[in-house]
Every structure is written in C-alpha cells, then in structure tokens.
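Please see the structure below; I have some questions.
The letters A, B, C, D, E and F name the chains in turn, as written, and every chain counts its residues from 1.
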C-alpha cells in the first residue's frame, strides 16, 4: 500500500489532538515499551509498525528514503559544524588583535553570523540559487524569502540529498563566512556602523549573486568545462579574501605598524592560545564545510573528503612550521596556525577530486605559500592582522587552480577564469563599498579612538577589566 | 529467514570467542577486504552478508530498522551537543563574573553536569518518565535506576525512535541545565557546599518531578488541549530561570552592586571573549537541544527545527544589538550575547510548530524583551550576574505562550497554565530550599570571603596566578 | 536490475561532463524540485529514482547498504569528535602550565595532531593493521601509505561498517593521542626540536606497532582469551601514560618544584578556566572516541557506550571532588578536572562490556585513584604538570584490568598481560628515545631558557603581550 | 611639596579617592603592588600540595601635595583606609624638590 | 642625584624612551599605573548601566640621573610626552641619597 | 628613615625576601615593573617580522627602614640578588620624612 510521503506535509508540524492520544496510549503500555525488540518484531507491536508505515509509504523508494534520512541528518549536523567555524573565526581574530579591541571584534562576529543567517533567509538563498529565475541570465537573480514548503523529500537526487530546509541551513552558515574573512583583515580600525553596513551588503547581496554564477548554475557553471569548486576555495574563501584586500586598501594600515623609514613594527595579537583555539575549531568545523559539501551521506565521497581535508590541513601546518623555522630562524606559532588554515582553504576546491597523496602535496605547498604571502603583504604595507588575504584569497586561488593539474576532468582555463572573475569582482565590490562609506558616514575611527581602543571608544566596555594591562 | 533482533540482547555485549575467530578469519582475507565493493556484492562475500543478515532479521521491519539506526545515532550525537552546552554555560558564567571567583564557578559547573548525569541515572530518568507508575496520579512518581535492558529497538514509534539508553543519555544532558541556570544567577556569593546540596535536590528530584507533568505525560499533558513545549522553553528554561529568581531573592545581591542612594555600580565580567565563547557554544549545542527533541531523524522536522532555531537566535541577537544601541547609546556586547540566548530560549517551545518567518519574529521580540528584562531586574535590585532570570525565566514564559498566537492547535490557556505552574513551583522550591540552607549550614559566604573572592576563600586557588590583577 | 555498486569506483570522483548536464537539467525543472515529495513519489520523478537506483543497485544488500551509509557517517563524525580532543589536550596543557610557556605548548599541540595524521597516512595505518602481512608474525608489520582504493563498501561486516577511508581517518585521530599525553607530562622544559623527533618516532612507529598487537590482531589478540580493550584504555592511554613516565624520568622535574629539604613548591597552572575548557572538550570528544569505537552505528552498543562513558566521567568527577575535599580540606578544581578524565580513561577499555551501574563504580574508583596517584608521583618527585601519568597510565591499566571482574568473558590474566606488556614497552621506548636525544642534540632547555620561559627562548614570542605579568 | 606614598588594601581605594576629593585633592597616581608584612600571607593548595603565598595584593597611592596640606592629607587617607585589622598598610612621606605639569610646563605647587 | 618620576600617557612611552636615549640616558624603570586628575575618567556601560571609570591608564617612568642633567632630562621628557591636551601628566623630582649597581656594587653616579 | 628602592630580576624576589627576613625586616612592598638599561632587550618575531623589546621584566622592591640598618639592608639585597650578569639592577636610597602605620596611627620608626 502506498500511503504517500508523510514528510511532505511541509506546513510546520503542529500537535494534533489525535496523534497525542495515540502516543499516550502507546507509552502507557509500559511493558510493551520495555519488551526486548526481538519480541516486538515477532509480535508486530505498534511502534515498530509505525516506522514501517512511514518508510514503507515510499513504496519502491523506501530504500531511497532511508538514504535521504541519513543524508539530511548529515546536512544539518554539517551545518552545525560550519556554524562553529564562526566561533573559530571569532576567537582567531580576537586572539590575533589587541585586548583593547576584543569587545569590538566579538561584537562584529556575533553580528556577522546573525545577519548572515537572517538575510540569507530573507533574500540570500533564493538569490544564490535562482533555479533558472534570472534577471540577467546566468549572472543575476534576486530572490525572496525561503518558501514555507521546504520540507520536501528529494531536492536533486543523490547529489543533493536534503530538503530545502536542509539546503538553506547548510548554505546559510556559509554565507556569513565572506564577511567574517573581511572582519579579520579590517580589524582594530574600522568603524562599527560602517562595518555593519558593509557586511549587510556583502552577505545579503554580493556573496549570493557572485555565488550563483557557480553553485546557482550561472555562467561559470555553463563554461564548456564547468568551473569546479567543490566546497568553495574560490566562491567562499577567494571571494572573502579579495573583498578583504579591497577593504584594506581603502582603509589603510593600523596606526603604528609601518614606521617612517620603511620599518615595520609588528602588532602582536594579545592572546595566542585563543587564536589557537580558533584554528582548531576552524579545522573541526571544516569537516562540516567540506564533508557537508558532499551534499549527501554518500560514503565513498565522505571518506575521501574527510581524509583529504585532514591530511591537507596537517601538511599545511607542517609546511608552515618548518618553512618559518628555516626562513625566520624561529618556529612562529602564528605561521603554524595560518598553515593549518592554508591547508584547509587549499583543499576546499578539490577535496573530492584528488587522492590523499595529492592532498598532502596541495597542503604542503599551501603551507609554504601562505608564509610567503603574509611576508609579501606586510612588505607592501597591506596590513592584515589575521592574514585573511593570504589564507583565504591567495591560497583560495591557488587551491582552485592547482587541481587542474591532478584531475583530467578539470580545466585549467575554466579554473583560472572562475578564480579571477570571482576574486576581481569581490575586490571591486569591496573597494566601491568602502569608498562610498568613506565619503559618507566615514570608514575609520579617529586616531584617538584607535589609540584608546575601539572597546572604550565605540562600546564603552572593557574586555578584561580585572586584569592589569601592559603597555611596553 | 527471520533471525530475531540481535540488538535486543540487552545484556552488555561481551566478546565471545567464536565471534572473534570469525572476525580474524575475515580480516585475514586481505585481498577480499580490499576488493572493490561492486565485486563484493556480485560475489556475495561474507561481510556484505553480515549486514544483510542483521538488518534482514527484522523482516518486514527492515526499513524501519534502518530508520531507527539513523534516529538513534542522531539522538546520541544530539546528547553530545547538549553536553557541550554545559561548557557554554560554564564559560559564559566565568566570563561574566570576576576573576577572583573563576575557580569557584568552574568547580560548580563541573559538579553540576556530573551530579546531573549521576542522579539522572539513579533516580531522575524513571521519575521524569513514570510511564504511568505514579504515586500521586499525574503529579508525582519516583523511580529507581535506569534498567539494564535499555537497548531495545522501538521505544514509542516514530515519535521516539531511540533505545531507552538513547532516551536516557539525551535527557540526562538536559537534567543538569536547570541547576546550571541557577548557578549563573547566584554566582560570586553562594557557599559551595550549599550550592551543591541545592543542586542535588533540584536536579535529582525537583526537575524530573515537575518535568513529568509534561514530558512524563502528567497533568499538563492531560489538559484538554495539551500544554505544548517542544524542547523545554518552560519545563527546562522557565523552570531554571524561576528557580534562579527564588534563590537570588533569598541570597541577596553581590556586595558593592547597589550603593546607598539607589545608585547601581555594575560589576563587569572579567573576560568578555570567554563569555562570547560560551554563547557560541550554547548556540551550537542548541542544535542538539532542539534538533534532538525531534526524537528521531525525521527529516522534515529536523530541517524546520534547525532553521527556526538558527533564525530565531539571529534575530534575537540583532534585536538586542540594535535595541541596546538605541536605548543605551552604545552597542553593549553583553546584550548582544544575551540576545542570542533569548532568541534560542524563545523558540525552544515551538521550534517545530511555527514557520521560519514566525521564528524570526519570535526571536526579534525575545531580543528586545531580554534587554528590558535585564534592566528591570537591575532596577528592582535582583542581582543576576549573567542575566539568567531574564534569559531563561522571562523569555522562557514568553516563548511558551507566544506560539499560541501562531499555531491554531496550541491553546493560549493551556500554555499559560503550564508556564505559570512550572515557574511558580520552581520558584517556591528554590525559596524553600534556600531558606532551609540559610537557617542550617548557611547560604552565603562571609563579606570578607566575598571581598577576597571565593577562589581563595573556598578553594585556596587562583584562576590566573601568573597575571597581575587590576583593582581600579 | 542490479547496477553494481557505484560507490565502488574508488578513484576520486571527478566531475564528468554528462553528470553535470543531467544535474543541470534536473534542477532547472524548478517546479518539480519544489513540489511536495508525496507528489514526487507518486509521479516517480527523476531525483527520487536516482536514490532508488543507487541503493537498489545493491540488490538484496540494499538494506545493508543503508546501514553502512549511516555507520560510515557516524565514523567520520566520530573522527571529527576525536579530532576535537586534541584541542582539549592543548587547552588543558596550556591552562595547567605557566603563561611563559603557552606558545610552546600550543606549537607542540598543533604539531602533534598534524604529524600524527600525516604519518598515519604514510605509514601508520598499514603498520597498525598489517592484515596478516607481518615481518615478525603477530609482533611487527610495517606498511606503506594508505591505498587509493579505500572507498570500499564493507570492510569487515557489522563489526567495522565503514570504508577504509573511514577507518583511516578515525584511527588517525587516535594515533596522535599517545604523543599528546606525553606532551603534557614533559611540558615547560623539553626542547622543541627534540620533542618533535620524539613525537615522530612515537606516533609513526611505536604506537602503530604496539597497537597492532591488539587491534591489528597480533599476539595479544591471539591469546587464549583475547586481551580486551574496547577503545584503548591500554593501547592508547596506558601506552601514552607510560611513555610519559619514561620521558619524565630522563628529563627530570621542572626547576623550582622540588626544593631542598624534600619540600615541594607547586607550580600552579596559569589559566584554570582554560584547563576547564580542555576537560569539557575532552569529555565531548570522548563520545566520539568510545562511541566511534563501536565501529558501526549499531544502536544497542551505541546507547550503552554513550551511557557508560557519561556516567563513568560523572562519577570520576564526583569521586575526585569529594575525595580531594576530604583529603586536602579544600575542593581542588584541578583534581575535579582530572577526576573527569580518570572516569573517561577508566571506562574506555570496557565501555561496551559493562552495565551503567558498573560504569558508575569504575568511574568512582578511578576518581579516587587518580587523586592518590597524583599525590604519589609528586611525592616521588616525578614532575608531571598535567597529571598525564596518573590519568592515562595508572588509570588506563586500572580500567583495563578491572573489567575482568565484571564480565565473565574477559580474562583477568589476559588483561594483566596486555596492560603490562603495552605499558612496559611504551616505557622502555620512551626511555631509550630520550636517552638518545639527551646524548645527541640535547633533551632539555638550559636553566636560563627554562627560567625565561620557552616562549621567548625558543619562539621569540609572547602568548599574552598585552597583559601585565605577575611574579609573586 | 611632599610625595605621600600610601600602601592600602585594594578594596579601600574607592573610599580613599573620595576622601581625598573631599579635601580638595585633585590628583593622584595608583599602582597595583604586592605587600609583605606582619599580615601573613595565605595558604593555597594546588594538586594536593599546600604552599604559602607571602605577598598580598595591595594598592599604592602616590599623592603630591603642597607642604601645608600634608597632615590633612595623611589624616584623610588614614581615616578612609583604616579597618583596624592587621595589614591596613603604611603611609610614607617623602620630600619633593620640583613638580612640573607636562601640559603647561607650570612648575611648583601650581603644577600639582 | 635625583629621581625623576614622570607620569605620562602610555602611548608616549616609546617617544620618551627615545628622547632620553638621545640625551645619553641609558637606564629607566617603568611601571603601569592608573591616574586620577583633572582629566576626567570616561563613562563605561555594562548591561545597561552606566558608570564612570575615574582612573585612567598612565605610565610612570622613573629615572635616576646625576644632578647636573636633571633639567635637561626633565625637558626631554616634557618635550617628548606633551600633547597639550589635559592629562599629559606630571614630573616630580626627588632627592636620592645613594645609588648602587647590584652587579658591580659600584656606588654613586657611576652606578646609574 | 630611608626608602630603599631596589630594581631586581624577577626570579630573585624570593631570595631577596628571605634575605631581608633573616636580618629582621618584616615589611616590604613589591611592584612589577619593566626596566630599560645596559642589558639590551631581546628580539621577538611575529608573523615573520622581527622587532626588539627594549623593556625587560623587573621587580621593584620598596623597603622603608630606620637609618641605622640602611647599609645592612642594602648589603642583604645586593647579596641576594646579584648574579654578576648584566641587568642585575640598582638600589636607590631616598630620604623619608615620616612613616605612619594606618592600623594604629603609630608614627616614625615604630611604624615600619
């Protein structure tokens, strides 16, 4: 008997009187409830039947339904893991900046994830995935809020084994990432209000529009050989990294970092253990970022993606540790931390498209690259407190392009086009936005506020009021 | 062939000699083990058969078994996520109190989760779910330890797709929450020993008894239209929040907070980034708290619940950020943090019973409400260092009642009865308990100990011995 | 129709042109994609069919495939949880040592997990699981990198329901644990370079070789009654704890701890809340450590293992809190933290082999034992900043042996043989390694470097440059 | 002019500040210090081992005042900071030869 | 010899140090302090309640110099630390009776 | 009475305290400071850029003693804190005009 798909009742599940009575009856039968299940099966008691009916309702698709259930579960768990990356970003950024700005950084990060989810629901999701509903074909589609009937079974086959709610919540966690990346780069000097406006536009509009070119099946997807970016080395990290570069260019470096005479005075982060916590949490969350991007619980891909992700992060760390030790004579722990992240960003484009051995190589090179890139940007006076431009921007492009050499189905040209197009647009959007903010409400705090710290100046709060501060 | 349900062997799985030999034989056949599975299927090798037998043993219920497996997996993962909320509570409370009490706060939090699980096993679970075995019908049942045959398949149909072990471990993580909520409100002045006793009684007895009225299918469940509280806005958070109110009333405010002449001297928390970590972890864990309360891996509800939870938290944060910015002229980060929690508590009663758009609204109002509530309690000299009474108590009631306006199957009157009854009883229990403790072993440390800090006074330890302290 | 197992295509999944076109076509059909699934099933639309085909391809094994999918998902999630334990170890070690060494400790911990995964891929996995391919039968097998066709379905029946990728990534997270345990014990005085070399040898060779005796089905497995160690009380924790003891013996105590005249001057950790974070994270991750060791999503074992793990940790904490309160007159929070860990290590050998009530007892005794053991090692001048020798070594052996009294299928003699053999070998390896390092590049920093702190001496970095330091 | 150095209990700082404000003193400089004295330190415990912490947290207040209000100042500090319990602290009076206000380069009594 | 105690704004420390180095002063000791003065503290907010923080972070630099370079030293400090805004700080000059270099046990001016 | 200000290496504090106790000195006040002197600072590295930290952690011990035990005290401090390596620190002796014990309002030598 084919009962129809009970889950399809996409209106929120209310508590209906009858259902409750049934349930009451059921659990009142204490003995039955505690009986060994073997018995249950033999006697065919209600509760076993209940599952049966639910699943069996799918008839020939019952197998598929169970696979869908597991996949959907993985999707929401992966969403939670990606959510936790925002704590990783927050603690990394707090740790690598000064204590006088810690409240400000925390506020920005709470805001970013909140506005990210909020706007992704209202406009982002349906802009990101126009499903053919373009304003400018393959370039621009603007959508409204996520629909109310988003609990559907089967949203695109094995390749997207989740309901639309699942898709929404997973992608919503990604959306805020772009702004978070920028946050780290512009820290300790940007005005809170301006950063809020910048974030809203970046997250609600820029990210989903640009993202629609690839994941929304826009023009990058339509290239002869599709642009390939598994979990977003380019469309998430590259986008964020180059938006950061644009913003920093307009904003300028922190006061006191570049001295007259071309000398550089580093501004050490105030809590390296906290930065370390951030990186471990990011690595942890990345299992959801990459693993969830399998978009189902397909075990072959899942195993491969977890393995390539972990190995690339590891070799990124090792590359950065030993390279910084040789290059700088000392093992710089902040380089080790950035090495982990470089390994992760580097493998994100191709986590399902290369072998573990290749992942090991990709990560190792990412670890070297990020060290050089950080040194380079410091040299040309692009002041990026957390290294976001290098980690996400430079390594994002690298990771996107490098996989063309290891997987014959991926086109070097398409990868280059995609990476450059996305990053260039991100850069331009950020520059334009920052110029407008600068010309209107102002982009940067005053030198006095910067000196005093944004916590007191903008929030009237101290992050650590009980501790004596050092000013050497 | 119907082999019976092997999982039903509820006695702990021992290692039997034969099984091992079999296993040895199997993995010794290296080549077979590494052969592509396609081959495996074709040749019908042992290990594929082994699964087959296990699942097929359920005969017609084989579909159902797979659904059960996934659901049970989700239950234990959700339990782990809720467990992590206790780290969230711990860091939030440590961050929002002074450094001189950090060891004390940490000790309380390690104790709470430990005694919570411990007593929930020994008495709580079977008191919470009397399964009809009442002493006073629908009001009071006292149970013993969880049974040993708790590995059963099918504990209540789709609505509770987990073994009793799963149910136990998931609910055990909730049990300690009530005490944790109180912990934050009474911090920095309660005697450790008294707090321990208070916690034991609250967690081992009060919480499960009151909880049995709803989740144990007691009188609140028996109302004409059942009281509805999906994951516990009232029965967990309201309960904890009003127990906190009762305790604080007897305990009094921290020394130095309310000055003569009606003036108020805030006592800033010593580590706001740590408080931020706490809130992010709570949000993360709440996906298990609400998501796990689906009580199965049913994908429709799961997607909806994750989405409403995330969106409500987001709009709670945004509501609190902008409201505090307007009201207080500065964006107070501690209000932003409480806004997230308010959004979470607010949606907890109806996470599966409203649309995302309604969740957005519920969270937004929760964000405003919590700001006003915190200001209010400070005005009437109820000193609550972390805002627990407002976040969990006030918003808990709000979240419980508000859903009646959005879901026709939920009764406003039932919601009001439930919320008021549970909160009132929690309040009375806490007041009585605290009065008894005050009259006997004493509830509060001496003024000297409070001044010196509970870490030195009660523990003879310092949380941060290497850092210089500030006393301005 | 039997299509064969698509997942068996163990070569990394590339993006093939046709697949993409198909997908494009599919999601272009917007309406269909959003239609309620009930409809979908009725009309038999493509995407539902796609699942169907994938699963149905397994023919009679389709049930089994779904179970495998869920199990494999659990394996990778559990791997991520075990990964997070490394953040737990890192923060615990940072918190229990002095601020002047925090950068050094963080560096070590980033290195450990990275080199652990890195070498486990290149050599460890296939050394750990020789699959009969021994050099010295049942004692020593040395393997190469993990193969490229590791995405296979069915790697050992219900008892190992994961692909080899899954097995690799889960076990890789364990591998680094041994070195992490040592890290805590040798903290604040070991040379970074020497520690790196020590770690590489321990993790890449010693751990997998010794581990192969049990989990690789070597001689311990071949005992008349197999040695039983569910998730590794001995083969992970005991191994690490006794390696730590060996290393500390050669390294000696930290300067200033043992004064002339037999007096002891404790060296308090600089950040107890951070240590608390570490312990909560370890507890959280342990659900993956023990739960994942079920090696499938078998719900009966999963529920039992989560329950025994949580209850044992709880009673470990309570045991240590009250015992230290009675013994030392004050509730020492570091003892409470070690109590949690003792409860966890204690139950690790038998988490699936005892009832919850027995787990409660095992944890309680572990909590007492760890307090006594820490006092004992301090008395005999074995300086172990984090208590690793006691928590992992002593309690590891205890947990391994004690289960023989509760489970008739486990042999006391086998347990003793296994525990002693593994721990003794770990101890000897560590002693020899440290002696060699001492004689060559040097094992310990100079007294001046130790005094100044390893952060400045070895890294030229400060963990908390903005905070004033205290030197009382 | 004199420099009055007062070592007091930390929680008395607020009261001392107010007492000084009341008698018209508009400036002071405060440092966190640790004191060793007749008031013995306390015993702490760490992982089972007891040890004594000899140094207790104190606050040192430095106030430069014209000669004529030295005794008034000392009295104000004593009154505000006294609890009568051991460890209340000390006041030391030192001679000052010159005082300069950086902002205006004023010198002498008008600078303080 | 004199002891010059200068209370300055924290971000001026680097400049003061360099100014002193330039006139050949090779030693100084610096402490984090908090200042109370005409420069009023700021208002902070915490959970909705405003409160004033009266004490502002300052740095105290102590420099012992031979008598003959006291005024040069004072001038250098003034020049380097002056912003002209309220709260720039003070310099106090105190007599020193003896100075000893611990390492060599030298005494007097050669010790500083 | 004299105020003895000793700037020493932090890890010598314990020894200095014991040396002073031995000669019967029962009180002292200690502050964390940073020193700049002939002992050059160290080089640190952060994200690939080197920089020098000129200020080194030191501890300042302030001890008020009657005139007659000044030299004994100075000797005790020198002995306990000397390593012979650069950066051992300085001792300065300043005149004190008055000392008051807050608790008892005793004045003069009996107050210290």
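Note that in this section contacts are C-beta pairs under 8 Å (C-beta built on N, C-alpha and C of every residue); 3 or more make two chains touch, one makes a residue touch a chain.
Since the model is a prediction, treat every value here as computed from it, not as a measurement.
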At minimum, the number of touching-chain hops separating subunit A from subunit D is 2
Joint neighbours (subunit C and subunit F) are A, D
Cα centre of subunit D to Cα centre of subunit E, whole Å, reads 18
Chain-centre distance (mean CA atoms) for subunit C and subunit E, in whole Å, is 53
Shared-interface residues of subunit C (touching two or more other chains) are 7-10, 63, 65-66, 68, 70, 73, 77, 153, 164, 268, 271, 277, 330, 332, 334, 459-462, 464, 467-470, 472
Note: subunit F residues in touch with at least two other chains are 30-32, 34, 44-46, 50, 54-55, 94-95
Among line, ring, star, complete and other, the chain touch graph is other
Chain pairs satisfying touch are A-B, A-C, A-E, A-F, B-C, B-D, B-E, C-D, C-F, D-E, D-F, E-F
Subunit E partner, complex, touching residues on subunit F are 2, 5-8, 31-38, 54-55, 58, 60, 74, 77-78, 81-95
Listed in rising order, the residues of subunit D that touch subunit B in the complex are 10-11, 13, 30, 32, 42-46, 50, 57, 59
In the complex, subunit B touches subunit C at residues 7-10, 12-17, 20, 23-24, 26-28, 30, 33-42, 45-52, 54-56, 62-63, 65-66, 68-70, 72-73, 76-77, 79-80, 83-84, 86-87, 90-91, 94, 102-103, 106-107, 109-111, 113-118, 121, 145-146, 148, 150-151, 153, 162-166, 168-169, 172, 192, 271, 274, 277, 458-469
Residue positions on subunit D within touch of subunit C in the complex are 34, 44-51, 53-55
In their shared complex, subunit F is touched by residues of subunit C numbered 451, 456, 459-462, 468-472
